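Note that the chains are named A, B, C and D in the order they appear, and that numbering of residues resets to 1 at the start of each chain.
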Amino acid sequence: MSEMSYNEIVLEHFTNPRNVGEIQDPDGEAILTSKVCGDMMKVQIKVENGAVADIKFKTFGCGAAIASSSIATEMVKGKTVEEALKITNNAVVDALGGLPPAKLHCSVLAEQAIKMALEDYVNKHKQG
Amino acid sequence: MSEMSYNEIVLEHFTNPRNVGEIQDPDGEAILTSKVCGDMMKVQIKVENGAVADIKFKTFGCGAAIASSSIATEMVKGKTVEEALKITNNAVVDALGGLPPAKLHCSVLAEQAIKMALEDYVNKHKQG
Amino acid sequence: MDRHVYLDHAATTFVKKEVLDEMLPYFAEKYGNASSLHRDGREARAAIDRARSRTAGAIGARDEEIIFTSGGTESDNLAIKGVAEAYEQKGRHIITTKIEHDAVLNTCEYLEKKGFEVTYLPVDEYGLVSPETLEKAIRSDTILISVMFANNEIGTLEPIDKIGEIARAKNIIFHTDAVQAVGSVPIDVEKMKIDMLSLSAHKIYGPKGTGALYVKKGIKLSPQSHGGAHESKRRAGTENVPGIVGLGKAIELAGANIGGYAERLRAMREKLIRGIQENVSDVRLNGHPEKRLPGNANFSFEFIEGEALLLLLDMAGISSSTGSACTSGSFKPSHVLSAIGLPAEIAQGSVRFTFGDANKEGDADYCIEQIIKIVQRLRAMSPLFAQEKGMRKNV
Amino acid sequence: MDRHVYLDHAATTFVKKEVLDEMLPYFAEKYGNASSLHRDGREARAAIDRARSRTAGAIGARDEEIIFTSGGTESDNLAIKGVAEAYEQKGRHIITTKIEHDAVLNTCEYLEKKGFEVTYLPVDEYGLVSPETLEKAIRSDTILISVMFANNEIGTLEPIDKIGEIARAKNIIFHTDAVQAVGSVPIDVEKMKIDMLSLSAHKIYGPKGTGALYVKKGIKLSPQSHGGAHESKRRAGTENVPGIVGLGKAIELAGANIGGYAERLRAMREKLIRGIQENVSDVRLNGHPEKRLPGNANFSFEFIEGEALLLLLDMAGISSSTGSACTSGSFKPSHVLSAIGLPAEIAQGSVRFTFGDANKEGDADYCIEQIIKIVQRLRAMSPLFAQEKGMRKNV
């Protein structure tokens, strides 16, 4: 089905993913495995002045998972933690110009992993 | 299926059937309708010195029926009535070089109609 | 005899050059499997998508309502068995007609063995189904009505829009076998309230072995071919990409030319009918005088047998058919001719001539000339003709 | 990237020139319906007869034992449902394996819903079925054994002759899906005691949308497509003449070249396997080291996901597949890889490369070079790889 193939934006982010890597001493981090397909995403963030100063990810997953990871991390970069927490998988899909229906759950993985890293920061921050 | 098509001999007899026509004052005659397919054959004979001096047929039927009529009448022509009565549909089929399996019954029509005309002659002859 | 006049377009047609040209690259160059994710696969997928749009567009359907199959027979089987299996909890009664193609009739008979009940509606002397009779046959457990758009033997066009009206009002799924109608008659499934429609490429100058089934959105269908997740899981099997591309092009061409095509065929066909009726005695035109496919003429020549006529026509270079191509070589008189009330011995002398794009100016004339000769010749050796004419003389 | 290396021959192949050349006249010139009695019909019939002989000859069968279908999927469906329906009075138990193609598996699952019982035999780590286990699974009500000749994902060749032996001794019908084996492995249905065999043209350089089912004389088969009296009443539908002609030519060519073909493929395949195993860590070759199709290599690259690998390979011009083409894009880990005991996360990193006549000298080298680069790249962004390597460091 044509619903299986990716658009240009997705392919571009998949081929040249932004923010791949790791952060030494992150302010927040999370690793999440998708229950749907077993894909896994690890997110680390650095926060400065209440805003996401840096964000890095590593993803084990398909094209959609990697592209979602790339664009989602771009979307929250520079935003305040509060703003960043508002990210939705729909916004990720929109930014990608759409995903094949069967691949929508990959955008959920990106959304949730990023949120978990942000929450990890918030929790540590509260406690600290 | 290839079993549907006729060989050269059949086609030749179908296209140029021998002995088509009618005999004035025949010595024996018969009309027979096939129970299988509704084809119909009319046979008339002229007997001289105990032999089939002339034989004519008219057939309402398919290619196989017409070819069988043609070759079967040829086969009995000149034979003694006794000999002629020995005609079998297998001999007709053999003479035709074979018929499609589904068309074998057409040779039966020819055999039986000819036999009936011969018997008609025999019966009249007895009585006379 | 060098002259060749093909008058059997209802049996099959040639593939048009424009159609074959579009198909060709998909054999040896763009040969990917449409289920594959890589570039070769995507290329094949795109070709199928385009063919799907063209097919949907030709009958007023939506792309996702088209399922590609291996031909009209599979489309009919899938429609009828697919609905029967999906709705058997709701009911086990099916309504169809006595004059359907074997692909519908034999499928219905198969379902009867599985416990379904089938009503085979009669037709009038022209082969027309009565919408009133149909309406009366509907029961509370009726799950499907299947009435062909146009008959393949005698060409009669059924009152499809009236039947669609009735079926929709009673909320019963309406399938039509339009294998013979597509390309010759404008079809709009929306307007005509058709829920399912079978079509076949090789009847419209496309390739053999490819067909489609239109299934209106919302209708449940149990797949009849199990395997990969092809055709939205409704028909498994690696897609026949060149075949599907050919169907798409053929149906697009057919749609664009339908008016002119029908006019051209009708003119040749009318010439043949007139020529036969004026020059041959004891002949009957089967089917409806007006409500018929433009290319179809079906005659019963009394006192002679159809196969003999067909063979001599063939020797004269004319390709025709006795009834449906599928039943040539069988002995039962055509079920269609029986249904319109023809006695067996007259049905036996029936031959179908179907015009199409293989024909040109003069074919009808040549055909008339040959028929006159051959009928005369066969009648001269027919005992029935002699009897009949003898009897008349005696009156 | 201009280089294009097609390594997905198990998904489909291109149509060879010699094959297409034989098919071409049957589209626009010799276009008769093989059921028609006239010259056009006889010409089509003769072409089908010739193709039938060629197909029968290639597998040691008799002409009348070949039924032409629309492909491997239909052949599998017809074999299994056709026997199930014909023999259900005798018994309702079927034996197959866990690693069959979906065309067999989904058909069996469908029959389970209809009240049949199906035993799905396990396989060992190489994908081999054990004849002993099979023999033990046989019951007094077993009517059919269906075991594939060669697996489409991992290429494993099953012990068909041993299974044939057992089935024949117990008088149970034995069907084999040989869609992947035909053309790569010599097959003789007589010697191997095979009762039914499915094959498909598009896997052997023939056209998509055509296949065949061999059915040994004497075996009853309930038709699954109802309609005209085609294929000795076992498969209704106007014959796809060009497709059938193409299958006949393709299988004849395949039979004539089988030894050299297998050798050529094996050489390229072995080069790829060696190149990968020597240059990439944490990689597993799935399937049997020797008992495998000559063109098949199936690897699991740990820590990365197959689709991502497939896409980057595609961008480098290499067409490959994750498991079966049919299941690409689905999430369940391949049922074949699960059956050989691969954990889901390793199965997820599996890619199949299948060589064939589209390949030439150097393709394996190019593929090795690209795989090394791409696997490295994907592992660099894999959290699993980081973990694993971190863990190992910590040991």
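Everything below uses one rule, namely that contacts are C-beta pairs under 8 Å (C-beta built on N, C-alpha and C of every residue); 3 or more make two chains touch, one makes a residue touch a chain.
Just so you know, these numbers come straight off a predicted model, no measurement behind them.
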Comparison of A-D and A-C (more C-beta pairs in contact): A-D
What whole-number Å value describes the gap between the mean CA coordinates of chain A and chain C? 56
What's the distance between the Cα centroids of chain B and chain C, rounded to whole Å? 40
How big is the gap, in whole Å, between where the Cα atoms of chain C centre and where those of chain D centre? 35
What are the residues of chain B that contact at least two other chains? 1, 4
Interface hub residues of chain D, defined as touching at least two other chains: 37, 307, 311, 328-330
Testing understanding: with touching defined as stated, what is the shape of the graph linking the protein chains, line, ring, star, complete or other? other
Pairs of chains found to touch, sorted by chain label: A-C, A-D, B-C, B-D, C-D
Chain A residues within the chain C interface of the complex: 1-2, 4-5
Over in the complex, which chain D residues touch chain C? Could you list them? 4, 6, 8, 11-17, 20, 23, 27-29, 31-33, 35-41, 70-74, 76-77, 101-103, 106-107, 109-110, 200, 202, 207-210, 224-230, 236-243, 307, 310-311, 313-314, 318-322, 324-330
If you look only at chain D, which of its residues touch chain B in the complex? 37, 42, 45-46, 49, 232
Please give the residue numbers of chain A that touch chain D in the complex, ascending. 1, 4, 6, 11, 14-15, 17, 20, 22, 31, 36-42, 57-63, 65-66, 100, 102
Chain C to chain B touching residues, read off their complex: 303-308, 311-312, 315, 328-331, 333, 344-345, 348, 380-386
